[in-house]
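These notes open a run of structures that come right after.
Shared between the two complexes below is chain A, which pairs with chain B and chain C, respectively.
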Partner chain A sequence: MQTLPTYKSQSLDIPFQLPERRIRRARPRINGQVWIAGISRIKKVAGGIALPLVFPALLLLFWWIASTWAWIPENILPRPITVVHTFGDLVSGGDLATNLGASLRRVAEGSALGVTLGLALGVALGFSPTVESWIGPSFRMIAQIPSIALIPLLIMVLGIDDRLKLFIMVKACVIPLAFTTADGIRNIPAQYLEVGRVFRLSRWTLIRRIILPGALPSIFSGVRQGLAHVWVSLVAVEVLASADGIGYLMTWGRQIFQLDVVLVCVGVIGVIGFIFDFGLRKLESGLLRWRGIGN
Partner chain B sequence: MDRLFHHFRWRGFVLPLAFLAFWWLATTYHWVSSSVLVPFGQLYQSALDPEVSRSLFVGLEASFTRLLEGSALGISLGLVLGVGLGLSRTFDRMIGPSFHAARQVAIFAWIPLLTAWFGNGDICKVVFVALAAFYPVVMGTYEGIRSVPIQYLEVGRVLCFSRVRMLRRIILPSAAPSIVTALQLSLIFSWFAAIGAEYVIGKMSNGIGSVVMAAQDNLRPDILLLGVILISLVGILMNKILRQIPRYLFRWRDA
Partner chain C sequence: MSLVLETPEAVSSAPKTARKHAGALNLRNVSKTYQVDGKPLKVLQNINLVVEPGEFVTLVGSSGCGKSTILRLIVGLDTECQGEILLDGAPITEPGLERSIVFQEHRLLPWLTVSQNIALGLDASRLSPAERERTVREHIELVGLSGFEKAFPRQLSGGMAQRAAIARSLVTQPEILLLDEPLAALDSLTRLHLQQELLRIWSREKVTMVMVTHDVEEAVFLSDKVVVLAPRPGRIRKEIAIDLPHPRNRVDPAFGALRQAVIEELTH
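The block that comes next holds the complex of A and B.
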């Protein structure tokens, strides 16, 4: 991240601080000063690690105190240690693996289909003004209605089994992906397309060699958004209507009033969301490295 | 006439009209059961039924009230946190990672926990709507403040602005477009979050989502369809109106 100077210092002598500091560094250090410099570095590193942990630690402390001294009843706020034990039980009992497996299998199916359709639609919309003029307006209309709002209607039409989940995941993925892909293609510099036209590339070669590489950064951010939406919407459907999956495990825990199960599920859902986001960001920066350091 | 035909973008209307025609044919010739796809006539009849329309509009009003309460709460908390994270690096390093960790949890995963803590009533839904409104506001405010051009800050520094003046005269105006976009996003989010919460939490309460869920249980596909259409229309309308606001507010930028 680019570092901005903080607005805090109001002194006007900021430009003059730099040479002064350099002079101090250049002076030969005697033992004591090296020692002090070492400490300050340790302090800095420790601050970088410790500072983010302050808030979670306080929260945990409060949670621990509140549940140990029973300010809040056990069934409303289970103890931290109970949650850890429940996590162990769910893992060793296989409940977590079964349900998480069911959810992840759905995510894999939904994102495979969603990414394929979204890319196809995005390329078509971005590449061809004719396609855009026929289906663009309807698509933009549908895009404004999240699938969450349509769930009762979809349950009526598709039932509550896997077809419903697949439909909702695919819709959640296609919309951001198709939008960003189409935008990315429209924003390709005209010169690149002219090069292709000069070489009389066929339409397919033009798409493969110029349009897709040119739109790749937008496509990637679209895929990342699309997959994040897949996960969020799958959890929503599973909470609402499902017989297995991590969302179901959570509602089941809620129904028998075992909030430790619910808390474990919230944690697992968060971790999976983080892995998706982090992994895709890494993949994105790795695959787009050819674009140079500037990007 | 020919020119009019060319200027009128008729192509965009073909697909929706084809869909409606298919619907009409399917219900007229009974390709699908009428409990799935309601005939137009029946839909029109029930829309005129005072009982039905009353329940829908009462529900709409209740949902909208909750939307306003929840988003007011979420937006004000979000603004405070966003400004804090944007202004202070220490605060950002302290709270930022926790905030981003919490953001990774899919929002509907909080509902079972919230129903346990706040009951099935209004409070739970308001808290959920507030949560949905909260995230985009924090993100937008944070991004807006972080991307204030350095030159602007330097001008403030040269003029020896006090902290408050710096915030009021330079940072907030410069971050305003980003913040307004975030507010727009968070209101749309909260509308659908309010509806989603009503779907999940169920039939006991008022609100248009509960009316729809009750219609599903009572096998009234006409009410269900009308409800979903109404919910979607409100969402689209909100989107349209909210999009106009920044255009109006930031006229001075283009000058």
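The block that comes next holds the complex of A and C.
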């Protein structure tokens, strides 16, 4: 990542070259220096990948020691290798694919509906003080109720099929997304809005060139939060009330006292959630290139 | 680039698209009162000011004398005041494209490139896309930012960003350009250089300029008329005509005398 000082030169304010065109100096061809430079580069790259892996590796080691020395009985804490075998069995038997597929389909539906409604509500709350004063406080109150706390009540009303899951996911997504979107729109600096007034921008240009891009960082963090909530709340509903899905597979594993199945599910849930977040972060830094992060 | 001034004569030989005309501005008995904690606070009192078409006028004064308020009233971002503000005889009621402003902070939108920021000024114009592009390019050249069309504001130095802001405010071909301490945040060398650039642009674009500054030397160097304001409530203490020819020499005794005269009025 390049960092550019805003202050370019002692001398006059003459245009300077942009970093993209920076002239690359030939590196001195002294063997030792090249080596040192090469090694430090490898260290740098490897460090970026390796450092985040240190903690999981230590955890795995601890798990391995704990199960090998039977600090915890093996039927409660299976060995890592058992879990790997179970993972293989669940994959080859198709159980994982079936259940994960069911969960991912629900996530896709829940996210699509949740993001759409969340953005719409957020835009309405952000632009219209009337909407804010009518429904803002109610939504703030609903936001205080954890989705999971609603499940017992909702099972009575909606049953345990996909409608329940959809409702919970949408609620989990809409609330953070709507509020961050509304905040993003309301917090556009007044200075920029004045620029819009001075140049008599049309309403459409104002939205497209000033308000939307200005709110985009908030909207993105809302989408990330919203989708994380969708995934977490779906797994929770599946654990409590479902006949398939990754959460159901986990409950099933616990009921037949196969904790290796539970651990496989835990791992898969974590990895999927991580992939969602990682993908969204990449998309975010691509769309928000002007901020100069992540490129 | 050297500090040698490009004389206005030298550049006026390359005329640009001619402006319709430069604006004549007339402030008559302008007063303004804010309500602070329920109490009235007078910020401007009986401001009377005439700015001739094509004139370069600077307002100088200490903080709190309402300099920026005057500009906000002229540009139409603020409309609550007593008295009259007339541009070519018509009262100002809202922002309009015949008036433009450069703020102290450049206020470029960080998510738009230099070109896109400048093109923003043309949103309300009826130019064809090709004409838009040409106008934007001309103005990028005018402020010396060629090669930086695709740069984002964070990639520019303070001086370059302010140049882009000046280009954006001129792209609408305003009759009058307001400058609210546009050089105050820049280092002194960049500042000297941009003062010359402002003069060059002023003489080439034939636009009326009203600039607010803290810097007496800057005021005397640039303007036809320096208006000294007194604070609390903001009022005009004195108008001092600067009748030196351009290019002006900062070490010229006549220049020094005028600067001294302004300083004396300020510290009166």
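In this section, the second predicted complex is superposed on the first by the 197 of 295 C-alpha atoms of A that agree within 3 Å, B and C clash if a C-alpha of one lies under 4 Å from a C-alpha of the other, contacts with A are read in each partner's own complex, and residues count from 1 in each chain.
Please note the rule applied: a residue touches a chain if its C-beta (ideal position, glycine included) is under 8 Å from a C-beta of that chain, and two chains touch if they have at least 3 such contacts.
As the structure is a computational prediction, the values presented were derived from the model and not from experiment.
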Once chain A of both complexes is superposed, is A:149 in touch with chain B (first), chain C (second), both, or neither? first
Does chain B (first) or chain C (second) touch A:88, or do both, or does neither? neither
Just checking: does A:213 make contact with chain B only, chain C only, both, or neither of them? Give me first, second, both or neither. second
Tell me which partner A:191 touches in the superposition: chain B (first), chain C (second), both or neither. second
In the overlay, answer first, second, both or neither for which of chain B and chain C A:290 touches. second
Would you sort A:134 into first (chain B), second (chain C), both or neither based on which partner it touches? first
Residues of chain A touched by chain B versus by chain C: which partner has the larger set? B
Look at A:200 in the shared chain and tell me whether it touches chain B only, chain C only, both, or neither; answer first, second, both or neither. second
Going through chain A, the residues touched by chain B and also by chain C turn out to be 4, 6-10, 12, 14
List the residues on chain A that touch chain C in their complex, please. 4, 6-16, 18-19, 191-192, 194-195, 197-202, 205, 209-210, 213-214, 216, 288-292
As the complex stands, chain B meets chain A at residues 9, 11-16, 36-37, 87, 89-90, 93-98, 101-102, 104-113, 115-117, 146, 148, 150, 153, 156-158, 160-163, 166, 171, 192, 195-196, 199-200, 212-213, 215-216, 221, 224-225, 227-228, 231-232, 235-236, 239
Contact residues on chain A for chain B in the complex? 4-10, 12, 14, 47-48, 51-52, 54-56, 59, 76, 133-138, 141, 144-146, 148-153, 155-157, 231-232, 235-236, 239-240, 247, 250-251, 253-254, 257, 259, 262-263, 265-266, 269-271, 273-274, 277
Of all residues in chain C, those that touch chain A in their complex: 1, 3, 75-77, 95-97, 100-101, 103, 105, 107, 109-112, 116, 120-121, 123-124, 144-148, 151-160, 163, 168, 172, 186-187, 189-190, 193-194
